[in-house]
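Some notes on the structure that comes next.
For clarity, chains are labelled A, B, C and D in written order, and residue numbers in each chain start from 1.
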């Protein structure tokens, strides 16, 4: 067994070794991220069988919780950690084929992965804030690393709002710490019944805003379209596939594990619905495909939050499973969309829908990839998205929210409208042909194939998601496995 | 298991066809083997009452033919038409993906036939819609993207309505299987029924839901239209049957008015689509409207809801599969040679493409419902059924629709085959083998079933008898209803005899010689050889004056108004994200303030 | 054969090619005063249905082309009735440069009516004469046209472009 | 034996039909203050047309058109009882068979006329078919109450069910009968619904390229058509008649039609269609309402 703490340590080490390697040879830095993520992946996979019912505890400095800094990994976090490494690995492979960037870019990238993995693995609330800061700051850098003004603008907006969000998050931690005297998640969770209601409520509102920025909830998500649009395509992938998923993880962990249910559930519920509808409507009128995808991303995140709040209303392992399925579908589908969109525009950063005309017909492989992403996101059968969407609807039906079901179906129609418009546009008339390398295509094909294969045979993914959901649901198990018999 | 294997065969063949895409010969052979194998497997292995459940963790996908022999009835239509489409499509310039998509759409359609639970029904229905959408998208028309877009939107509209209905049903009955819901209390069962019916109304293009059909039929590749119109629309018919009989068996008792509405929608669709059809100048568009019109009869048959009206509806569905495919196939063959669908640019092709002409001739005869072809028995049954249901206005409307059939049929055959041959078509040949094969094959059931409808009425009756009290007496050649009686071969034999007689009269008198193309009575004026004598454009132009306004009515206008509202909402939503960083900060502060205000009491 | 001739004689469908002033005399012939329908003679709209080509008055070169064309479009047996002096010798247009003088040179004529103008009585009389001829099988001008096709064509080609105007049917 | 009977029957009806046409011409002539041709004139015309030596054809369909037309109308005749007199086939098909067989004739002629690449013919066919949109539906709706009332679709049973004079369909359903008369005028293509033929405008329309034996066959078609169309009306509205009275009945109906024909001008096509969708349609609907109320 290799300790998962190495994931963090190694990534950190490799990230800071990049400048040194850069001195040795200018060709080396691009190869560091794939190496790091691959090793991480290996470490995590070897740990799969060690993660049992509750959470696996990894302590540092030989101290036991609730005092020390520690990692607490259950199946839910492991799933997200693996997801992050997989997508990180694929993306870093993708970077190999791109023109070489400044070495600081690779550093930021690795730090980003580090932050994300840290968040999903840590068992300490303050630690999670530290990792969140690492994640956010590196993301600002990554978003702003694009070549044009838009990137800077997006990065700036993201930073402004992200900073406020994380400070409110910190405030929430402080409030909890004041009333419990501990920062260990499991411990706080255990002490939760003893905290006065007003403190609970206040801290949960602070967390809601802090995390709400990250998961792009309705009034807090104004940065998202600009950041997605401004960032380079791969960074957009990272935003939608890694960073926002981390936000979802955080939301689930804090609200479900620590609070044992959503406080202000109704607010989140309605906010999530509003997020979804507003984002889809905004996407409907969008002529810029990338911004459209950004809005759609926001909408999907709204859907995820919606399903979490539905779970909070009526606990059912199936609903959580659905949330995970949705997250997976969105991570792969949207990632694929951003990547292939970049190639379809020939990396010209001109995303106007009119200029994409015929691009899919001229580049059938890219067209296929983009179409796969779209079809999976809108939940067409034989793609993985179908199962996640069906599960979503089943969950909502189980929660007996038939009007919501009808509303969602209506909005799905809107979603289909703009997506179908793009698809149709891609395949009409004659477009420009672009040359793309083998590596990017194979990376994208991996994304696409995973969507199709698991669409045709969703059994294994269901199983994994179900296990992860079960472990997230077993709050007492989590607490007892961390704190022992305390 | 057999059903699952069949789907697997079809799917794998599609995949192979895609992989072998560049090697044309091999690809064609593989797909042919797959299609023929599928048909044979279907005929020999699939039996009523088989069932199979496929477990994918959360759902069990239930396959089965237990519903009735209906699945088998439609399955044979689908696979047969697919084979015909496939053979003809080899003449077109298609890539591997095209074949994969078409195989997958077939797979979806077959899956729908086999599905026993509503979610797998939806799964396969969506699969079918998706891949037929992709094929329409690959079509050769200038506007194929627009049509494909409409197609997918309408399909999705229907599918989502179906999904909502499904979940309502599951919510109230706690069963995902296709089971009866008529015992449910309240009006919820009505909503479920209507929602479940929506996709089939879309698929068969009933009037408010028909807007996708003309475009999709026109702009998909010619040979695929054969399958799309003849084959896939049958899924809609199948769906009606399932929804009306398996899901809601008590409809005639509980909501007779709904049936009436349904029947009238069908009749109005048949009439209006007929009128639109004869105003078209594009061969495929004309046929598309004709297809819509013909499927209107099917809806009428279901709406009348008596034993032999349903028999008529199913028989007409079969007939539609035969003659509409025949018509589309002929037009496809003509397009293959002339590269046009425009009725104004063709004419006189009878001299060059006699087999196609024969195909089209009998196709339109069947479409118009003239005996002794396959179009007649169903229409006859339908009329009698409606009169027995005491609805004389409905029967008049249906009759009106069948008159419009004469109009568009004649326009079609005249503009393509009769009249003056165009100069640029002087050297074209008969349509190649694939088309000819399909035409000949389709002509067989056209006549055999037209004179011996008992062959098919027997299995249909066996299906329908289970649900409705039988009051139709029939054998191979005769049918008797409480109103009347027909001996189908008698009509055929009489006509043949009298034709022989008239032909003899024609032969014994006088000689005739062949007039040259330009030898016409033109008020004795000399005309140039290339002079456009062909009367193709504005064929029923004067009807614009007679009908006036109704021809300009369109459901599309209502739809556009709805879209405007949605876009307005979209503009508002987009406006939210148009600020700069300060505005966004303001949002957060405002949000914080509001939440604290709302929650303030609890703090 | 005889039956056919008889019925042909009793049922003459006429195409009146009204080129000149003679057309004026046709309405009274058709309507209640003289009523030619009682002899089975009715005007027809197209040469395909007609048995009798009635040419009233002078023929310019321009109209001659059309007359020949109409004549050739009629099914056989077909009959031609020259109406008025102009068809016989040009009548009052005897010295006109663009009026043909003798119709006979271009298409075979079964019977002429002299006069300028001939009265309806004369027309009816001609009809009856023609009727007798047909019944007896004497009105065979149409055969002449087939037999002497070359000769007629030659004559026609002297006044207009036969190549362009003639109909090339597969006989 | 029965085949021989068929032929004789056909011949008889054809000849009677031709005589009707002669009468029509005679009557029209008398209305116009002329003598008119002898009544047997159409027979002479047909004989003459068959006697033509050389006729032009424009192709196979052009030749077969009249053949199909005659086939269609003759088949219809064999399914139509003439009053009490019944042809062998009348019980093998009912009203709908007759209605659909009636269309074969126009269709055959349309196909033939179409092939002649003469725009006049095609325009005429377009008009004829459009006119069908007017009269067919009226005729159908006008006959429906009768069939509905007696609860059968068999023409023979309807005839028998009506009974003697005061129980005739025409007397029980006067409104429908009137509507049917309107429809018949268009069905027979007489003025004011003569737009499809319109000799002065489009050179006799569908027949523009037909001469000789083709036109002869078309004349026969027309002759049988007269009997079938008027006979249908007589059967449905005039109750059981023996064959003599049947023909008298058809003659009376036909006489009305030609009287109207003789004094009427012509509608334009859209006027004709619109006309049918006015008063006649209203009458037909009233007729249906009558039977609804009555039952």
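Descriptive notes on the structure:
Keep in mind that, in the parts below, contacts are C-beta pairs under 8 Å (C-beta built on N, C-alpha and C of every residue); 3 or more make two chains touch, one makes a residue touch a chain.
Please read all numbers here as calculations on a predicted model, not as lab measurements.
Counting steps between touching chains, the shortest path from chain A to chain D takes 2.
In terms of C-beta pairs in contact, the better-connected of the chain pairs B-D and A-B is B-D.
Of all the chains, the one whose CA centre sits at the greatest distance from that of chain A is C. Relative to the centroid of all protein Cα atoms, the closest per-chain Cα centroid is that of B. Inter-chain centre distance (chain B to chain D, centres taken as mean C-alpha positions): 36 Å. As a whole-number value, the distance joining the C-alpha centres of chain A and chain B reads 44 Å. Centre-to-centre, using mean CA coordinates, chain A is 96 Å away from chain C.
The distance from the centre of chain B to the centre of chain C, each centre being the mean of the chain's C-alpha atoms, comes to 58 Å. Within chain D, residues 50-56, 203, 208-209, 212 each touch two or more of the remaining chains. Multi-chain contact residues of chain C (touching two or more other chains) are listed as 46, 48, 73, 169. Looking at chain A, no residue sits in touch with two or more other chains.
Applying the touch definition to all chain combinations yields A-B, B-C, B-D, C-D. Across the complex, chain B is touched by residues 156-157, 160-161, 164-165, 168, 197-198, 201-202, 205, 208-209, 213, 219-220, 222-223, 225-226, 264, 267, 277-279, 281-282, 284-286, 295, 318, 364, 375, 380-382, 386-387, 390-391, 393-394, 397, 400, 402, 405-406, 409-410, 412-414, 416-417, 420-421, 423-425, 427-428, 457-459, 462-463, 466 of chain A.
On the chain D side of its complex with chain B, the touching residues are 3, 6-7, 50-61, 63, 66-68, 70-72, 74-75, 78-79, 89, 91-97, 100-101, 103-104, 106-107, 110-111, 114-120, 122-123, 125-127, 129-130, 132-133, 136-137, 140-141, 144-145, 147-148, 151-154, 203, 208-209, 212-214, 216-217, 268-270, 273-274, 284-285, 288, 291-292. Across the complex, chain A is touched by residues 56-59, 97, 104, 108, 119, 123-124, 126-127, 130, 137-138, 144-146, 148-149, 152-153, 156-157, 160-161, 163-164, 167-168, 170-171, 566-567, 569-574, 576-577, 579-581, 583-585, 587-588, 590-592, 595-596, 598-599, 602-603 of chain B. On chain C, the positions that touch chain B within their shared complex are 17, 46-48, 65-67, 69-70, 73, 164-165, 167-171.
Looking at the complex, you find that chain B touches chain D at residues 347-348, 350-351, 354, 357, 361, 365, 368-371, 376, 379-380, 383-384, 387, 390, 392-393, 395-396, 399-400, 403-404, 406-407, 410-411, 413-414, 418-421, 481-487, 490-491, 494-495, 497-499, 501-503, 505-506, 509-515, 517, 519-523, 533-535, 539-540, 542-543, 545-546.
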